[in-house]
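Below is a structure I'd like to ask you about.
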């Protein structure tokens, strides 16, 4: 077996994203998890706590310890809730030690973070060290990588070809986004109780989801006149998956029948974005368990609205998988290393 | 017990809507099902075929027989697939015998029916006898009632207060509609196979659903300048329920903070439309098992889009329940008779 | 409308059973809920807290107040968790005021309650006033009715015809019981989190469920030599429903081909137990939303084991519906009053 | 990358098991799928037909062609329905070309096959060439491998430690087995329609499942006095997973407190059977997506019944995964090659 030369520490290992990192990294040929940390718990055999890890991992959770991590690991993943890395990551930033942060703490400027997350932000000085890295448009080798949010990834990949060509009608960008429950994490609330989710569908945080500014600021980089998006989020009675229905108008610079070509060209050299055949739309299931984002487009000549559907697995492409893709870039590995994942058909 | 004086025949009793009519009519104090008909099957004990009806119904299916029905019943319900009543209902129309048609055969003018249903329409002469009856806006006592479609009911009730005041921006009426699987009926297709539906979410018939012209023509009656709606439909991994997310802009004739009032006023005298408290949005589960349509509204000052959510039970308000509501109107009964239905909380 | 002459108070109205009582009693022609009580909360508009009750109930929760209840109501339902009624119900018992208790507090002798519920029991004096009332075998008009548990009802109805004829092989009574999640109530635990329930199935409380002594003591009344049952419980990823698979051997006093007849005879005069046609087995869905228990039987000549399947809706027959059936008996009403409920087919 | 030296053909590639083989073999370091065959379809681009395979497989289905397969491949997998390989596989048997057969056609002697499958069996001569290979008890290097059924694998692994020590009370072996829907395959029947499966649970083929003789004959090899098992199967409203609840009595040769030790010893050297910690029972989700069988045991001193729970993924350990494990054995590879699969936690 190949030498697993990249040593990884994970902070927040008992959350959904942390456990998904453990799962995916098990089969990464060049990387190995050498320590797992939990902000609350200490010294628990991870496979006793999570029997699905039996015979696979022989690791014990440790309290967070930045010195230990910097001495033993090559990179640290923060798979923590928002509000944790902004405090704990500063030592790594100061030491220029590589961090991939799956939380939202370093994705926004201080003022926007404060407004949308309703928490105190990290300092401007720290925030400036972080680079927001949409892995399929990799363009930087920053040491502190802010891994994009799940909804943001699905939405940005759906709109990128249009925004990059600046053909979006900025006043009518409507996103109806849906997510499975794992996106909300492990916390026990009435909205995660099985009886309230099963056989149900509900909209939440309409116009208030914290991924809105994350999406808008990236769109603006591509098409500067975009100020706002109409963005709502709803909860699907499934465990995994994001489904974005985007309704947009485009300006005269591009014709409807050119759109397919535009999408195919934009993603021609990517490995993890698949454009569906003409007028076919993807469903959630075809990407679950994978690092793919699948995109389909259909145009309505009556309303002149374009419908763009994009789907991804929120735990993989929307979290742990994209983080590994970013890690692969950082270490100069082929970006799909450890991510050759296919969806279960049945 | 009250004399159950209204005698009812049901054609198409073994489909989902027919079985739901049987279920609801069991407890109707003034009506009784006296014959059940099936276009294919004959002479089957309905409670042997459907054990959930044991000890409740003692009826045998009969072949379709218009003479029998007109001799013994006071009204006939067609709970048939599209394409059936346009042929079978003509005798009733000619005899001016009361019909409530749950199918789409008499909802559209001939040309639109042909275009969207891809079937030969009924004759113009017959079509003119039918009245499209959105039960919560009851305004007619036609003998042939075309009962509205499930998506159409949910969408029209969501938009009626705005369209009736003609304040919709006609170019940006975007409906992202979702339905549970019972809306697709009993037919066995790969899209109804459990493995393909469970843990999945998919868009289908984008811009092509046959309820689009049904919605548009009714909106036009309220606000004549409306020509088109942007309308997509998606499949939820649940049995019942429709969830409409409508994104619309409104013109200056009405202010955003007046919208709540407008909705409450429009539906003040209805029994089956409930407007949620300000900024609260309904979920599907709170209407399942009931004849209610629940509506919530939220306004985004940044995008100037109004989000309107409406939910209903597609088998009740979207089919059998509204049909009974229409029947109650026709016979001069209180419209909620037999429809005092509450949702299961757990 | 008929005079709703029976006045009802409900204690514990915001739990699943309390809300189900509200739902079912809405359509009871002879009864009316006049006050609702919650042990924690006070003075909340019930339809603000639970929007599915809008336009149906105009009631405000009150703190528990036994004096108020005895002055204004004719009967009180305890829809509380175990450990509540044993303390709160004593005043009613002393005043001989009618109580129907949906909790387990008065179903067992003190010693068994202590062992299985791990709580202090009510006093022997109070316990003796209570009558365990399996409604389909009504035989008493006690003022304090201990309403049976959901698993217990399904199991006892499945085994009653055999136990009453004392033909069960006492050493091989094996019950593999499954329940939907509503049986576990509203409390937020990791075992009720959607992500842990969906796509999953798990056994819990094997040999330790508190309904075991409840079942055993009733079986003993019918067949005194029965000492123990092998009873496990598993969690289905659905909201409602109980499915009992019972595997039993029978002694030579009865032949396998007589079993069907025995079951049909035992339940010939009941309204809410339906025996399936020979070799047909019921599924959960055909009883959801109803007060029925459906039972099917199949015999294996190779193993000499009889398989008995019984299904019911844990919230109705297993809780609120049976409680109303018991109330109907108590007040001399026809036992199905208010309980003419049919299952949704789709 | 390692040379993928084993060349594989798959017959029946468009069924669930065939697609799962494609999925798993993608990441097998020593094997490669070189041709895919379908008994009906011909010359279809597999990733056009199944979009989840886009960017992963560039293969076109071919009609079945035994000559082509024997010329180009090293081994052929039959992932066909029962009744196919008994006809198509004879040429391979005669040529002593390696076959792994996932169907039931070569698991039983002719008379039992005829009785339980209700089809004409293969000839005795052919049947004798096949070896039933429970991969975790690998003991043969036959060229024709009859891969065990899903229920059979779960049941046999649950009972093996007891049967091998001949301590089972032969008259009381009761198996209550449950499966997700993928076990029933892709065929469209009313029992696979989403509306009939969702929110439901039903027993089917009680005492008649074709895995009964498969289990019994293997148990007999271990403990010859076993004649019959009491075995029922039920359908869970989930896609994947088998859950076996076995209730057995053991004779005096072994004490209840020795059982844990017995299980741990039996499986000490296996890679894919995990015994839970004392009194812990596994749930389905912890093995989905993996080749593991997890087993938990609990003893009831009152009834003297032992409850054994075993869980596995019916598409992997119950089909494609075990087939690959058998292939690894056949070619002398480490048995877990390509099968390092972890369950998704969320």
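By written order: A, B, C and D. Residues from 1 in each chain.
As a working rule, a contact is a pair of C-beta atoms (placed from the backbone, for glycine too) under 8 Å apart; a residue touches a chain by one contact, two chains touch by 3 or more.
On a predicted model such as this, the values are computed, not experimentally measured, just so you know.
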Repeated interface matching A-C, over half of the contact pairs identical, chosen among A-D, B-D or C-D: B-D
Result of counting contacting C-beta pairs for A-B and B-C, higher pair: A-B
Centroid spacing, where centroids are CA-atom means, of chain B and chain D in whole angstrom: 46
Rounded Å distance, chain B centre to chain C centre (Cα mean): 36
Mean-CA-position distance for chain B and chain A (Å): 40
Chain B: positions in contact with at least two other chains: 16, 182, 186, 195, 199, 237-240, 285, 346
Touching residues (chain side chain B, partner chain D) in the complex: 16, 181-182, 186, 188-190, 192-195, 197-199, 237-239
Complex interface listing, chain C residues touching chain B: 16, 19-20, 22-23, 26-27, 48, 50-56, 182, 186, 199, 239-240, 271, 274, 276-277, 280, 282, 285-287, 289-290, 292, 294, 315, 340, 342-346
Complex contact set, residues of chain D against chain C: 171-172, 174, 176, 178, 195-196, 199-203, 206-207, 227-230, 232, 234, 236-241, 243, 245, 247, 281, 283-285, 288, 298, 300, 302-303, 305, 307, 309, 346
